[in-house]
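The structure is given below, and queries will be raised subsequently.
Labels run A, B, C, D and E following the written order; every chain starts at residue 1.
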Amino acid sequence: MDDRKELLKVEALETTFFTDGGEIPAVDHIDFSLKEGEILGIVGESGCGKSVTSLSIMGLLPSPPGKITGGKILLDNKDLTKLSEKEMRKVRGKDIAMIFQEPMTSLNPLFTIGNQLTEAILIHHKNWTKKQANARAAKMMKLVGLPRAEELLKEYPHQLSGGMRQRVMIAMALVCDPKVLIADEPTTALDVTIQAQILQLMKELNKRLKTAVMLITHDLGVVAETCERVIVMYSGQVVEEGPVDVIFKDPQHPYTQGLIQSVPDMRHKKDRLYSITGSVPKPGSIKVGCRFAARCEFATKKCIEASPKLYQTSDAHKTRCFLHEGKKVSSNDRAIVESTRT
Amino acid sequence: MSEVVANTTENLTTHKEVGPWKEAWHNFKKSKAAVVGAGIVAFFIILAIFGSWIAPQGVNEQNLSERLMAPSAKHWFGTDDFGRDIFSRVVYGARVSLWVGFSSVIGSVIVGSILGIVAGYYGRWVDTIISRLFDILLAFPSILLAISIVAVLGPSLQNALIAIAIINVPNFGRLIRSKVLSIKQEEYIMSAKAIGMNDFRILFRHILPNSMTPVIVQGTLAIASAIIEAAGLGFLGLGAQAPTPEWGKMLSDARVYLVNAPWTMIFPGLAIMLTVLGFNLMGDGLRDALDPKMKN
Amino acid sequence: GSGDKKETSSDSNGGKTLIYGRSGDSVSLDPAVVTDGESFKVTTNIFETLINFGEQDTSLQPGLAKKWEGSKDGLTYTFELQEGVKFQDGTDFNADAVVKNFDRWMNGNADKFPYFVSMFGGFKGDKNAIIKEVKADGDNKVVITLNKPQAPFLKNLAMTAFAIASPTAFEKEGDKFGDNPVGTGPFKFVSWKRNDSVTIEKNKDYWQKGQPKLDKLIFKSITDNSARLNALKTGEIDLADGINPTDAKTIEDDSNLQLLKRPSMNVGYLGLTSTRPPFDNVKVRQAVNYAIDKEAIIKAFYNGQAEVAKNPMPPVIEGYNDDVKGYDYDPEKAKQLLKEAGYDGKKIELWAMPVARPYMPDGQKIAEAIQKNLADVGIQSKIVSYEWATYLEKLTNGEADAFLMGWTGDNGDADNFLFTLLDETTIGSNNYAYYKNAEVHKLLATAQSETNEDKRNDLYKKAQVIISKDAPWVPLAHSTPLLAGKSTIQGFVAHPTGTDKFNNVDIK
Amino acid sequence: MTEPLLKVQGLKKYFPIRSGIFGQITGQVKAVDDVSFYVNEGETLGIVGESGCGKSTTGRMLMRLLEPTEGAIEFQGQNLAKLSPFEMRKARRDIQMVFQDPYASLNPRHSIGQILEEPLIVHGIGDAKERKKRVRALLEIVGLSDDHAKRYPHQFSGGQRQRIGIARALMTNPKLIIADEPVSALDVSIQAQVLNLMQDLQKELKLTYIFIAHDLGVVRHISDRVGVMYLGKIVELSESEELYANPLHPYTKGLLSAVPIPDPDFRRQQIIIEGDVPSPSSPPKGCTFHTRCPFKMDICTKSVPQLTEAQHGHSVACHLYNEQANDK
Amino acid sequence: MLHYIGKRLLQLIPVLLGMTFIVFMIIRAIPGDPAKVILGQQATKEAVAALRANLGLDNPWYIQYFHYLGGLLTGDLGESMRTKVPVSTEIWSYLAATLELSLFAMILAIVIGVNAGIISAWFQNSWFDYTAMVFALVGVSVPIFWLGLMGQWTFGTQLDWLPTTGREDTRDPVTAITHLYILDTIIQGRFDQLIVVLKHLILPAFALATIPMAIIARMTRSSMLEVMRSDYVRTARAKGQKMFIVIYKHALKNAIIPVLTVIGLQMGLLLGGAILTETIFSWPGIGRYVYDAISFRDYPVIQSGILIIAFIFVMINLIVDILYSVIDPRIKYK
């Protein structure tokens, strides 16, 4: 259906935190891929492993306690999990760039914007002069729609508003033309009007620069408006995957269904919101059975006793729910089937 | 393995009634260093309480014929220039040092808390005056202040203790003041006000208990430094008086024997170091357990 | 300069330098204005007095005065001066200079010249002033007339405080004289780093030929006894004062070092304030005298470097009564006396000196030993201490029950011990025990103006008998203060007063 | 129409900015600048606006947790702004508050039982037994169980804590509840639970809400009337249906169009409001929105538009409509 | 900035004034008459009375106080009752001795402490981390006088590597110009003396440096660990920056701010708190100077000495605050 190349492929990724309280499998056999130039949305509630997934890709897990305990992260068929720190450094910023949720804290408060931008350039363009780097920085600042680019370069982060800082972060991420941009909740900390500006910008840049974007968010609205494809995560697992229209029109997993229904719609007033009972389980607390079973209206005995796999329900649509069993099992899931027997 | 983990997390969130103190204790137990520290402190507390049973010899039992004997089976730590058993004196000394540490810190905590709370809660000119007073006291070279106070009151253990308490007051005062100021901004104080609670109740039910954790942490560490300060004053002859077996005083008495009878200096010195180390370890552990924000 | 401490004590100029480590710095280098021994230690080598003490005693020897003569009535003294002596600034030393010095003192006030008033009663015009006038009789004779006879007058004059200074210098410098002292002595002042060191160097024009032998003499303050000994061992200094008795052995064992002893001219005692119960009862005081084991104390804390005391003054001083028997260590007798006295078992305060002094190397520890002795006979005590100045003040006010104290003689005269320490008129100053005995007072007062030595000594001997019976003190020890020096030092003789002259000291 | 339960007139809060050697006042943050509105019994008034526009400050002033700089707060015939601190404490029985941060608004050292009982103790309601009973009752009402009373805040999830916060607000049987962003810290699925709970309670207990939020969807869902705040002022105030269907103020229009809609098919004409919210310490002259307004006119930079009724029950503070009103 | 400094200096006035008052009252509460102390045991009553009058001690305390304050206003710190030397002329040499010692100690403490802290944080839970932190813990638990004595005994007496007393070779004294001997010897080109001076510094400086070193190491470590968890460090790493640069450029600059506070406080403590070290090493410093003055009841010296130490202490804090704003552009002092 889509013949774009798969740029980044995550296979059976497993990331565990080894804490005093025991092992927390924050990311538990995740598979997905990101194609050239697409915007892939990852949604899920707080703590479901979105950030851990992205940090695993970047090789920036807080370690200790975090560690990739299984799976592969293939970028152009190169397995990032196998790279040394030194090789990984060449990938970061150059091939994969990342922006974070908190524009307020993601910039170093003690260095000027210019300093931080040119630093990002000079790391990967060792033979550039300061001047070249500065020019490039200024150009990027204009690209992300920041006025007074030259002046801003001399200013410190605290002198900028949240929206401006997030633009700087985007500029910084894109400064070395990465192939992949991971944006971890880039607008959560911003006001709606500013969020709209930033999302607009990201869409524009994606079109212009053809950078593939992995957009992590918990806001279904953002997904609907910005992404082509979406992955829904729940408690460290992917529970549903598919193109945006499909997921929103035909959500198959009860969780996705509930999630979509529980958002108050601004366009028309519902008398009562749909609500999913209970709360998200801590990763690792449920080992057997569907992790959503306890909150699921349709849960059967089977859901508690056996773990569902990610079932391919149509060409581009996968669901982790027994209701959709019987359709063909995706090849990636074989690994999971084998390893969940532990 | 992972089953156990699952159970504990479950327990914490849904089953057992674990109060904040219990949880702190739980965290505390996890740190080996803290447990070792607490063990050392407990050990010295036991020495302090049961010293008279543990010590093989009376603390002031002189025996001039057995002066300055090297450590032996009879006198584990040797004897001093009065022929007194150093081991016994070190054991008794635990009582003195712990007494100084605890009581001076309790004194400064009480006075510092009162001043800090008044300053932090009422603000305005009261705050200005008290804060300036703290500034003044802090700007004093603390040892000189302690020496002056002892000079006024006369050298004795009790007065050294008072001097140490006084020099520590501004530390606790400031700590509490800033804590009160920050807690005042907390939303649960706002919500306490919102339910119509009066200042007094807010202060004593909410602000005070919540400002206590850093005080406990700081207090533990302050006990450690109070013991060292007392030893320093004792060393200058301004602390405990003879024949009190205060470790610092023992060190200063033993100075002249450093070459001829080093054991007279080594054991009291080690005792100070160990006790202080114990309190420091415990304080670090408490900080991690009680005040995760202060955690390193 | 190589600055390497390993080298022998000679300087790069080929000169001989000796560093004398001591416990404190000088207050001033003008001997007339100070009272402390550390100041005198330096000035005695820059200045000279009319009369000198003997090398190791307080006998009177010629100094800047060749000869002297006193009149029968003890009111006039005539001094014949050395000739050809010059001050270090070139000013001539003569009768005129001496008179100017006396004028300076006599026209001063107690604030400026405290020692003068202590020793000579007062200044010009004062009621109690001893000295009436000082006149030059030609170039080389000085006549001093007194208002009333003073037996220790010549001994007083021999004290370093009354050394003769260059009138040109003190007139020019005024209050600053203490920073730029000029005398006739063997050494002249070079520099003073406060709290650290005073440097004096050889006076090349010194009138006594062949002296001094050293080129440079440095007085270095090292407060702490152990540190000072350390510095000696490491060669940072050559000679150290104030050696702990306990360290005597290490020094003797060290072939690079020699132990030097200062003849004793002091007394360390336990005062019993006779106005405070239970010590208002003479029997209790006597009991305490029996209770204390002086021998053991001396053995333990003076390391044997002291002599058991039985009188309030050391035996080297004329007038010492060796016939006084003193009190032996006899706890039984003490208990019995206490019983007789009806001692109620009241716990007393035992005051311990906070500082080390030659007569009391470690007040705290001696107090501990005494506490034990007292407890053995049934007197419970609590050891109390104050910071030194407070301690003295409170003793002066008679606030202590029993206290450790001591005295080092200034001029080697019996008066300087017995009168100063135990006369009723000195209550409120040095008679801390508040001892008062009319008979003793009469004896001591008479002795003050008795110029016949034998008669005078008799009076003192009588007084000692009474004092011993009244037992206001427990005299503990006459200690031998210790010094240590490199074994290469020659000719050093420690003086009992603590002010050592370096005229003949040499380094091999 | 009956008297409204709460009527706010010309409410202002200026925070002084202190600096200089003696900490003298060198400026003001006009956090809330002349706000007026009313709330009828049983209804929900929603207040929306971007961060820093003064929503919380308004809410807190209503309870006198912050002293208003100016203005009247009439509640059941009393002017709250004039009450003595003692009287005000009594009055708080009838007005309660639910806070944004379910983690920070509960004292971590007190058990849930203690937290819930406290308002009763403070107001001297009932004896120990009755109080316990009421605690139990309210725990049940907010969907928690009896044995939760012994636990401590950190042992609950965010949603549960927010229920506890609501229960606490209900302890004294208040008439008015001011909810300051009660759901914005919660996940969507939890948010729905809490919103439902609040709606149910309102019906059951005849509560009146002032619901502060920045999520327009949530506000629309729960409110009967909505006020839009911008930089310390209410710029538009109307029935919620009307407001969402027919926003008048350019800011409201921009705001509504900025909200992402979870429907990939939904296409609309987006009005992107440029720039950031100016600082309340130096608000723009005239209409405070003119710096970002796509329909700016000359007058906007000069004169401050007043909140006037443009259509029936629909007030707006914008010169565009003032003119229309004038024209008519 | 200048405005801010001016403001801070103005705020100092009440603190220092309060300080003079407290010191004044405390030292006058110490029993013991300076006149008697100065004149010694032999002094007569008349001599004491005369000296008291001369020193102005017979005036009521408030007159004495205002007299003293009046002097201070004209820059007169009074003169030592004992030596009659104006405090202002002699205090600098003591202060310089202490400054040299404590600065040297502080530099040691900072260089070693900060780097140990960084490396510990970088390689958290490594053997280096454990060893360094054990040392740091022991470091804050050891009484310095005991450490000083042990050092003196080991390196001075036993091994004979280093001198144990004073600041210079007494036989070849440094000609004081600034009284900071390191400077003086350099100015005079006496590098042989410089080495001697440095040798004298080592033992006392190490004794003195132990505690601040330990505290700084611990503080740096915890501050670094916190900063290293921060988003901007993650951002820097996400750019592909080398760990070394991330740590020494991005993290350290942020982490150093709380450490600076500690450094300021410790520096203040060193200045006034070096008494024990100065005693053990016969260092002619200000702590010892004031301490001796206390035992001699030399009121002007005590008053002015403490005042000056306090003044330096608050100035150090001011400098630390100014450094904050140099490092952290967010801190703007109006």
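We take it that a contact is a pair of C-beta atoms (placed from the backbone, for glycine too) under 8 Å apart; a residue touches a chain by one contact, two chains touch by 3 or more.
Worth saying up front: this structure is predicted, and the values here are computed from it rather than measured.
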Furthest chain, CA centroid comparison against chain A:
C
Between C-E and B-D, which chain pair is linked by the larger number of C-beta contacts?
C-E
For the pair chain D and chain E, the C-alpha centroid-to-centroid distance in angstrom is 54
Separation of chain A from chain C, taking each centre as the mean of its C-alpha atoms, in whole Å:
90
List the centre-to-centre spacing of chain B and chain C in whole Å, with centres computed as mean CA coordinates.
46
In chain A, residues with contacts to at least two other chains
none
Please list all residues of chain D that touch 2 or more other chains.
157
Of all residues in chain E, the ones touching two or more other chains:
30-31, 149, 153, 157, 279, 294
Using the touch definition up top, name the residues of chain B that touch chain D in the complex.
12-14, 17-20, 23, 186-188, 190-198, 201, 205-206, 209-210
Please give the residue numbers of chain D that touch chain B in the complex, ascending.
60, 63, 65, 88-93, 96-97, 99-101, 104-111, 118-119, 122-123, 150-152, 154-157, 165, 168, 171-172
State the interface residues of chain D toward chain A in the complex, per the touch definition above.
50-51, 157-160, 187-193, 195-196, 199, 214-218, 220-221, 240-241, 244, 254-266, 270, 272-274, 276-277
Looking at the complex, which residues from chain B come into contact with chain C?
60, 62, 64, 67, 81-82, 150-151, 154-156, 237-238, 241-243, 253, 255-260
Residue set of chain C touching chain B in the complex reads 225-226, 244, 246-247, 249-250, 296, 299-301, 352, 354, 362, 364-365, 367-369, 371-372, 383-387, 390
